[in-house]
Amino acid sequence: MTERRFSIKAPGGVMEEMTWVDVREAAAAGLPAVVAVGSTEQHGPHLPLNTDSILPAAIAARAGERTPLVVAPPIRFGARSRALSGGGESFPGTLSVRAGTLIATLTEVLEGLGRAGFTKICVQNWHFENTGLIWEACDLASEAHPGVRFLLLEDPMPSFTQEDLEQLFPSGFVGWDVEHASVMETSLMLAIYPDLVRRDQIADDAAERHPSWDLVPAPPEFVPASGVLSRAGDASAEIGEKFLEAISGRLLEALATEFDCAVA
Amino acid sequence: MTERRFSIKAPGGVMEEMTWVDVREAAAAGLPAVVAVGSTEQHGPHLPLNTDSILPAAIAARAGERTPLVVAPPIRFGARSRALSGGGESFPGTLSVRAGTLIATLTEVLEGLGRAGFTKICVQNWHFENTGLIWEACDLASEAHPGVRFLLLEDPMPSFTQEDLEQLFPSGFVGWDVEHASVMETSLMLAIYPDLVRRDQIADDAAERHPSWDLVPAPPEFVPASGVLSRAGDASAEIGEKFLEAISGRLLEALATEFDCAVA
Amino acid sequence: MTERRFSIKAPGGVMEEMTWVDVREAAAAGLPAVVAVGSTEQHGPHLPLNTDSILPAAIAARAGERTPLVVAPPIRFGARSRALSGGGESFPGTLSVRAGTLIATLTEVLEGLGRAGFTKICVQNWHFENTGLIWEACDLASEAHPGVRFLLLEDPMPSFTQEDLEQLFPSGFVGWDVEHASVMETSLMLAIYPDLVRRDQIADDAAERHPSWDLVPAPPEFVPASGVLSRAGDASAEIGEKFLEAISGRLLEALATEFDCAVA
Amino acid sequence: MTERRFSIKAPGGVMEEMTWVDVREAAAAGLPAVVAVGSTEQHGPHLPLNTDSILPAAIAARAGERTPLVVAPPIRFGARSRALSGGGESFPGTLSVRAGTLIATLTEVLEGLGRAGFTKICVQNWHFENTGLIWEACDLASEAHPGVRFLLLEDPMPSFTQEDLEQLFPSGFVGWDVEHASVMETSLMLAIYPDLVRRDQIADDAAERHPSWDLVPAPPEFVPASGVLSRAGDASAEIGEKFLEAISGRLLEALATEFDCAVA
Amino acid sequence: MTERRFSIKAPGGVMEEMTWVDVREAAAAGLPAVVAVGSTEQHGPHLPLNTDSILPAAIAARAGERTPLVVAPPIRFGARSRALSGGGESFPGTLSVRAGTLIATLTEVLEGLGRAGFTKICVQNWHFENTGLIWEACDLASEAHPGVRFLLLEDPMPSFTQEDLEQLFPSGFVGWDVEHASVMETSLMLAIYPDLVRRDQIADDAAERHPSWDLVPAPPEFVPASGVLSRAGDASAEIGEKFLEAISGRLLEALATEFDCAVA
Amino acid sequence: MTERRFSIKAPGGVMEEMTWVDVREAAAAGLPAVVAVGSTEQHGPHLPLNTDSILPAAIAARAGERTPLVVAPPIRFGARSRALSGGGESFPGTLSVRAGTLIATLTEVLEGLGRAGFTKICVQNWHFENTGLIWEACDLASEAHPGVRFLLLEDPMPSFTQEDLEQLFPSGFVGWDVEHASVMETSLMLAIYPDLVRRDQIADDAAERHPSWDLVPAPPEFVPASGVLSRAGDASAEIGEKFLEAISGRLLEALATEFDCAVA
């Protein structure tokens, strides 16, 4: 649906809304396909469960305004949620799959994109728990499609300067690991899908304890009651627009560098 | 996104756009969750690749106008496409998964819905090739959640009278097996998502040969060039509205019968 | 053992009773191999547990009287039994496997037949719950043996005229879905393996409720006490002979059409 | 079919030919179920492919003449054939499965027997390559059915005295490892299923080289041209009867010792 | 073998060299078990292939000098090596397993430790590619052993101050991601296993290009010829001792915090 | 670590302590790689848990004194322990994996050795329960590396004369099946790793009952209290040296016969 908000350069588009003839044309034109690997996961009382899938798709669509590309169907069920990075599996509505299921799904989807004729496939991750599970899917799909180059962005964030961080995080940057349903994601949603944000429910929260290691099973003090892991209250559409520009900019840089895509 | 077009009764809704708090409330209210099992598959030169996922979700949302329910996230990657029922895997953009991957995904999603507190879960299939793979996922999820009742609609169609069929298929009914990207699906899309239909590309087509058995690998004469398996040209929004009413009506009948849902 | 009752044309035969030299000869002669996919499942108080395996093998052997073919070893453990089509897993003696196990077994057996030199392999299903699980096995075996053509009869029934149905079902035809341990199967057993039928135990029965959808776990009213899903009492050897002729006739038609087998 | 040749004591029987009511009765009576784990494998130019499945079933049926028991459906597809013990996978008609498939099948069948009410389940192996794969299936089924006792005969042979061996192997005993399609199996087939033996094809053979270790891939000199691994020419129905008595005797000893079965 | 170099407090020890009676005693005493998840992977021309397994085990043994613990058997085969973090699978001697195999192995080992009576199990990762694959193994083992607390150190490094980093990396710190066979690992090996280091082969190297994203298949410029990803030449036993102190210190901190271990 | 005790001929060595450059050189020189498949399993109150992994590695290293070879990393987690051959899974410290996990691990390690350039790979088993699981791993790895020859020693023992047996087993030979933590293994450990043997804990023991079949679950009388299955008290370093000579001698014979290795 991001197509409605962004004007992807022809013959690119949002693949789920394209016909097979469109896809054939886009692949024949050498366009890259961008596959988001997200999740269906609680994002606090103010963001929808599909936040992790529609945000990376929208970021790819934004990049598509400057270079033609195909936004492939996102992988919407991600690896099991962990308390310290996503609240954990106990939140109603968090729907996750086992590692093996995620790897199999992604592998088969990547193989399908290879069969469709795409030779430039970019996989961008937007769910911390997926990290480490994506590379093998690319490796396996690569065995079946040796002519395809897979570009993998496990961490979708660009590197920000200290000055950037101060602008993006008005109350101070406390680490990407707690940026779940917090400033960054809430701001992006306010910029792109404001009607999906319950503004009156935005609040700050944090796990009572957040060590640099993890415990299984997660003790109660690792789980913030609201599902928000940091300060969502600082979020704004303006900050969201800055993130959108920066993150889509890094995606464009990667596409230009590795796939020789011309960026307008 | 079907929420925008249909007014699901509160506290129901489209789960992907709900927050975890909404889901908790809906589950606590004893609402049923309806999971569509679809595909990402060619649907001719005129329908989008996500036809098999957005149609059953929209049908569930339509039913939600008469009884509160939750439209759970559809399973968007279905079993491998077969030439005689979906054109086969050779069409660009058809993205399928292996049987084991589909069963695992559905099982884990159903378990997640059980963990969320739903005790009434309806699974409705909208991709012929998924038939036979869904029941085991329900059975496995049932082992983990013995308190949940799973209602399975492998064939989403109600039984139509001869008179119905004559109205729905102006040139004559030739069988559900070839109703892929044809009258029924095209009409439903025209009724629900007209902006996703390439009206100027709608055409009739058929496999050169369509026996009652199957061959692997599929011979060329089993694959219609356009991906349309029958007469899409007869489609209209009016016919689509009739299908929408009939199919959502059967879903409501099932929900009322098995889950005691009150239908307005 | 069907060999004893039918005279399969040379150099065909029942593979389990052939030697490897026989199989080499049959494969070299270009004969088709016919693999039944059955089950070990309750068939009421009057039919043996192997009904679903020996019937399709016998039907193939009957076809073998008119064109030489090899009756390959049946797959005797099928997908989990469902209450509405086979009584369900609660009947003592029903021995089923998981979907993944069935697909793996069939795939490996089909690959073995390909390795043996068969290039024409017909898979005929005789257990409703297997439907939808067989095609992928053919597809996977086809990847390993691209020179083999797999002919798949998921539904073994020919299409009968209304007149046929009236003859075959004296009390009226109520649907194939309840033809489990009922008129058709009991009649076939009476015609082919009369000594395996407990004539004094033949009776009519039905699930108390048999909707067009399914429920998991199956409620008690879906399970007929006897395991018979319809009217077995109408069965006769004469009706069985008609079924045998009709079903083996359709198999022959498929073999002739797709494999150019000459039918005597 | 072994039922026809042996008179198993009531209420025992050959399960595949029993009804579910019979099985319920047998299980309720505390009878043991005996599951053969065999193969579909070349057995020289003179023995049928199902030798490894029908022999152990017949041996169990013979034991059933002295204590009531149920001959459960054999597992007819065994682990991949190895050149030095079964000729290897290159013989037409050898149909094997992967280790994981065998373990899954056996586990699920054993669980089904547990669900049927059997609490005494004996698994007897008759295919060398299955050794080592069976115990885990029992262990897994035991987790699901802790009240069942599984008796496992990985090696079905009793220990013979030197005198016995001299009688059984007229030209001298050369080791069980080469007793494939040789004296023991040919003799048993002559005693039990003489009509399935091609007497005019019985011959002696041996691998050109048969070390105590193995090589993969098997070099040609490991594979005897005929598939016979030793001296089949010494076989006779009389020797077969002695083997039948001895092997079924050991089965009875195990059933008496571990399951307290009364042996007549 | 680390036992020889470190004096783990009784009744702790290196589990592989302990007897089952020792293990029973250690578990009964409430000691934690520390499982390293390493790899068998090229580490340049100067370090052995088992670097990733013996280093974390030695670090645990060092921690064992201050609190009694059991160094459990390391997982010695890790996830597939990637060019940018380990050189990739093309180096002779790199022996890796698939993600599913690693998760299964670790899950089963953790379950075995739970069965042994350990209720405090610490998993410390020492191979970048394993990150993301370990948590699910803990989660699965936790389902089987709900009374066990799993402590997971995916990143074994403590946080160093800028001053620390300057001391540890004489030529400047260039990022943990390239610390493969470089200063940190070479120094640790010099401190702990100097006889396993080929001092004359220590050299600096780097991938020609090392972007923040990844490509599959890895282009040649991602793979340093030597397998060293940064400046190994700065390594020294003194630096190694500092790392040993710091990393084992963090492990002790985690054990003290989460398992209430008393640290001497 | 066996390298320290044995002087493997150059350019052979213990792979875990070699660098990738060493491995490349050894593979290029056509050396065989020897992979032990062991276990982590209780070995009585006097032997360490890694007995089954370090013994076969040491035996290979001893063979390496007479022909250059590479001792590949052992597979240290074996198939589930059975009471009658290893005491069973109930002993603390026994850490086993499922059959599928073992096959996958070994397959992937063998493929890695093939990728490293080895064309002669010897797999020697040292854990009874692994028997039957190893061949398929070789077969699967062979599919990926058809140019590699795999030599498989499932039973590592040479055939001993009666005179040999009398010397090796002072109190009489009672069968290899109970040689777990008994004379043979204890003697080998005394000869090779005397510091790992608790001499004061060596004792004789036996299962109360040890039939030629198995039971699952294992009854208490199958499990010797100490984990010793026979007479460990007869063990001595002298006997261990004889075993070492004999077993490594058979390995050398196999390497010479199948790989044309020159034995000094």
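Each chain gets a letter, A, B, C, D, E and F, in the order it is written, and its residues are counted from 1.
Simple rule for what comes next: contacts are C-beta pairs under 8 Å (C-beta built on N, C-alpha and C of every residue); 3 or more make two chains touch, one makes a residue touch a chain.
Keep in mind that this is a model prediction, so the values were computed, not measured.
Looking at subunit C and subunit D, not one chain touches each of them. Shared contacts of subunit A and subunit E, meaning chains that touch the two of them, come down to nothing at all. Counting C-beta pairs in contact across B-C and across E-F shows that the higher total falls to E-F. At the interface between subunit A and subunit B, over half of the residue numbers involved are used by both copies, so each side presents largely the same positions. The angle of the rotation carrying subunit A onto subunit F, fitted on C-alpha atoms and rounded to the nearest 5, is 120°. We define each chain's centre as the mean of its Cα atoms; on that basis subunit B and subunit D are separated by 49 Å. Averaging C-alpha coordinates per chain places the centre of subunit A 56 Å away from that of subunit D. Contact with two or more other chains is made by residues 98, 100 of subunit B.
Viewed as a contact network, the protein chains form a single closed ring in which every chain touches exactly two others. Begin at subunit E, move on to subunit F, and keep following the contacts round; the order you get is E, F, D, C, B, A.
Note for the complex: subunit B touches subunit A at residues 1, 15-24, 27, 40, 42-50, 53, 73, 76-77, 89-98, 100-101, 104-105, 108-109, 112-113, 115-117, 196, 198, 201, 227. Every residue of subunit D that touches subunit F in the complex is listed here, in rising order: 79-80, 82, 98-100, 103, 129-133, 135-136, 138-139, 142, 146, 149-155, 159, 211-217, 254, 257-258.
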